[in-house]
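Shared between the two complexes below is chain A, which has chain B as its partner in the first and chain C in the second.
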Partner chain A sequence: MNSKTSNNIATGVIYFLVACVLAILVFLLGYILITGIPHVSWHFLTSAAQSFAAGGGIRDQLFNSMYLLVLTLIISFPIALGSGIYLSEYAPDNWVTGVIRTAVEVLSSLPSVVVGLFGFLLFVVNFHMGFSILAGAIALTFFNLPLLTRSIEESLQDVSELQREAGLSLGLSRWKTITGIVLPAALPGILTGIILSAGRVFGEAAALIYTAGQSAPTVNYGDWNPMDSASFLNFMRPAETLAVHIWKVNTEGVTPDAAAISSGASAVLIVVILLFNLLARMLGRWLYKRMTATK
Partner chain B sequence: MDEIKHDLQNPSKATHEDLFGRGITYLCIGFVSLLVISILYFITTRGLATFTTNHVSLWKFLSGTNWNPSLLDKHGNPQIGALPMIVTSFSVTVLAAVVATPFALGVALFMTEIAPERGTKILQPVIELLVGIPSVVYGFIGLSVIVPLIRHSFGGTGFGILAGTLVLFVMVLPTITSLSVDSIKAVPMFYRSASLALGATRWQTIYKVVLRSATPGILTAVIFGMSRAFGEALAVQMVIGNAVLMPHGLLTPSSTLTSQLTTGIGNTTMGTLPNNALWSLALILLLMSLVFNILVRVIGKRGALKK
Partner chain C sequence: MPKIITSKDVHLSYGPKEALHGISLDFEEHDITALIGPSGCGKSTYLRCLNRMNDLIKGVKITGSMKLEDQDIYAPGTDIVDLRKRVGMVFQQPNPFPFSVYENVAYGLRLAGEKDKHVLDERVETSLKQAAIWDEVKDHLYENALSFSGGQQQRICVARVLAVQPEVVLLDEPTSALDPISSAKIEDTLMNIRDQYTIIIVTHNMQQASRISDKTAFLLNGDLVEFSKTEKMFIHPDDEKTSDYLNGKFG
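What follows is the complex of A and B.
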């Protein structure tokens, strides 16, 4: 076989492999959307889940997912921002920083089920929180922190060194330079990172099964007092999210229309995550244009 | 005069500001470090309880093939042999990586060598979308498409290592691909130019020059993919069958470390032997994740030395 033929064959094989991957993605998205969208109706989105009868909806699960996402971001963003600033701006180049970087890497590569079990052990059992939204949000924070920290660090690193020098030469403190000059310049990247991590948090289930629990008690959406146990804002109630719901109806549930519910819920989950991805791109691009005056 | 002296001898407002900000960031990173330490500490102490409190021998735990923590065998020892789960976990991980790597390399080469602009434009979003699909959705598709497909074509229940492999293959594909792309892109352009100038075809250049010099990076990518596959819980749990048996083939129901953990933790009481045994499984997961981390580091260092 001469080298020209093998070149052609190899190129053909690569094209074939790429086509396979494209086909897999098209199939996945097509399958989820085509089997799922017909089950998504206003009724499906706004009625409570049923354990033993068909026709249940996902109202509470959808709300719980959103609520957990918001809480998780509220807890994890400040910590990740601080850690990201430290790693990018303050960290000296020595072994301590090396150890810290390794720690962040280890945390990001831990299986999410292990992170969930740690949350279960510490908060649900040792701190007697029980299965609760708060325990779930903290577990998700642990899951989210390393990813968010790294994306913030990278966005900060992307800001040109000249900007920092300019700030320092004006007599600003390092901190003022960071908050006044570097952070705003890194904002598009940071926002994109947050939204992408939001997508991951939204679809995460393994860390939540034993922290936020697998039940969605009926809550009163008119009760705005977070201290009230029936309120939808209550931190201490168990909260099954959409992703956990899909897992549960497929494995442990006895709901007769499990397939319909899970395909509907999967479609909703995918659509929300696609929206997050789209939003991240658009917002990042728009902000970048706004701030750099590029056309 | 005093005012100038005061200004010169005492920290300025800016210094205080900086100290304040610095303090905040130290606090945050300290929290993250503390978190990692406490995760390692808690899981380790819990996981070791099986051996320290319940006096199960470590060897029996790792080599036993019967998993039935609430029952005793005829010698009065608890039946906690984790070998079936360890074997299954490794099988699905390795198989998924073996299946995924050619596809990942094909996509990566397409994006870097064959059609850099068009390829990246089309395939970058594809990779991002594959990453974005949540693991339960992968599990659900595995359950409703792959499992019945295997059942019809090969018989049996359809649950098992093959189904787990196929689901994990798609899940680790984007990880391996994007990291391979990074490492292939890092190969200097003049390597390619030199090879092409010698009259090598594109494939010869790719195979003999680009892939060779990107090997450490590609290995790292594969290990990252394996690490993801090893720790994946729900998608695997939904298609593996969850029977703690020594796998006899790709088609018999089996159980991985993660799937046993997700099904078991809720059904056992804290502090009892069955529960402790599950925490030992979690410890294995944790240790394996550390091993994957170390491997990546070692390969990274060796690869860097060669340059």
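What follows is the complex of A and C.
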């Protein structure tokens, strides 16, 4: 076989493999959207779920998913940013750092059911948090941390050493060099990390069943006081998310339109993830522009 | 002329390997001094000792004395941040920040606490003019510095260093990544600022050294072979090795 034929064969195989990936993606997305979209209506998005009757919506679940994401990011992002900066910029190259890196990796491969049960025993039972959105957010932080830490560390590492030298040689302190030059340059990568981890948060069910709970009590969307138990911002209330809702109506739901609800909810979930993705990228581009070429 | 930097018997080793074997060099105020020598002779290593950039490399050990005026550069109490404000550096690869031209030049000042817009504007303009790049960027001050050519980027980097008004400017082969025309512009820039700054430049290019420098130091394998007025060194070198190197017999 001459090199030209082997090249053609290799190219063909690669194209075929890419086509497989694309086909699976298109099939899945198409199936979910085509079966789901017909069930999505304004009413579906804005009314509360029904336990027994047909015609329930997903208003609270949808909000809970987003609120949980925000809470999780509020908890995990600062921690991940700190540890990412430490690992990339300060950590000496020794066994302690190695242990930290391995620990972070192990954390990311924990089965979500295990994390859920751990969260249930520790936060829900032991710390008397009850099934609460806060317990859920803490459990999700366990998944989020490794992903975020690694992606932040890697994006910081990708910033050329020349940039650091330039900063230091101008008489900037190490900290100012990191916050003023390295971080802005690493922003796009950090954002990708956030988007990836957000997808995980939206899609997670197993860990939330035991922590954030499976019920979505009616909340008052006009009550902006997070300390108020009826407020939608209260983070000590149980909060069933969209993914958990899909799981629940399919396993123990008794509503007659369970199939319709779960396909509709799945479609909404995918669209929301997509929207979040786009929004985060737009925000990132805007931020990057602001930080790099001012005005 | 008063000496601004004095160094005596500087040894530097990376782990077990010694790269500088005791170098003593003094630099006079407002001089341009060129450090020349073949690759690996230690000229960049020596240069990076002067603003303690070698501190960033693990396992580096430096002995001997280095003084900026009467302040010991390697004394335990030395404020490195302050030292680097007084001794600025331009690198081999142009490395502007991924910000606008204006921000690049104003950045050091801004972080040092300068907030007055007039002062910043004025200093940005002066620095860009000193670096002989003002005419090319004045209408593009708010564009990303990375969108300019390599030679322009390097002059923006020079302006960035000048903006913090150091006393000494170190240049580590600033033109080796540039084409001849851009290199000539960098040389013009250095001629422009020679009255206000002390300049120490590492270069591979002997013609460059002879064109711009007042004094030249020739280093070989971690030793200082010869240090004298540039004119003298290029016409009547004292050492055989210097003569061989300048005549292209090795290098």
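Note that in this section the second predicted complex is superposed on the first by the 252 of 295 C-alpha atoms of A that agree within 3 Å, B and C clash if a C-alpha of one lies under 4 Å from a C-alpha of the other, contacts with A are read in each partner's own complex, and residues count from 1 in each chain.
Methods note: a contact is a pair of C-beta atoms (placed from the backbone, for glycine too) under 8 Å apart; a residue touches a chain by one contact, two chains touch by 3 or more.
Everything quoted here is computed from the prediction, not taken from an experiment.
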First (chain B), second (chain C), both or neither touched by A:171: both
Output check: A:263 vs chain B and chain C. Expected answer is one of first, second, both, neither. What do you get? first
Where does A:209 make contact in the superposed view: on chain B (first), on chain C (second), on both, or on neither? first
With both complexes superposed on chain A, which partner does A:123 reach: first (chain B), second (chain C), both or neither? neither
Partner chain(s) touched by A:90 [first = chain B, second = chain C, both, neither]: first
Among the partners chain B and chain C, which is in contact with a greater number of residues of chain A? B
Between chain B (first) and chain C (second), which does A:184 come into contact with in this model arrangement: first, second, both, or neither? second
Find the residues of chain A that appear in the contact set with chain B and again in the contact set with chain C. 171-173, 176
Flag every residue of chain C that touches chain A in the complex, lowest number first. 51, 53, 56, 58, 81-86, 88-89, 91, 93, 95-100, 102-103, 107-108, 111-112, 142-144, 157, 160-161, 164, 166
Per the touch rule above, chain A residues touching chain C in the complex are 93, 160, 162-173, 176, 180-181, 184-185, 291-295
Inside the complex, what are the residues of chain B that reach chain A? 14-15, 17-18, 20-22, 24-29, 31-33, 35-39, 42-43, 46, 102-103, 105-107, 109-110, 114, 119, 122-123, 126, 128-130, 132-137, 139-141, 143-145, 170, 173, 200-204, 206-207, 224, 227, 230-234, 237-238, 258, 261-263, 265-266, 270, 279, 282, 285-286, 289-290, 292-293
Touching residues of chain A toward chain B in the complex: what are they? 3-4, 6-7, 10-11, 13-18, 20-22, 24-25, 28-29, 31-32, 35, 78-83, 85-87, 89-90, 99-100, 102-107, 109-115, 117-118, 120-122, 125, 142, 145-146, 149, 171-176, 178-179, 199-200, 202-206, 209-210, 214, 243-244, 246-247, 250-251, 259, 262-263, 266, 269-270, 273-274, 276-277
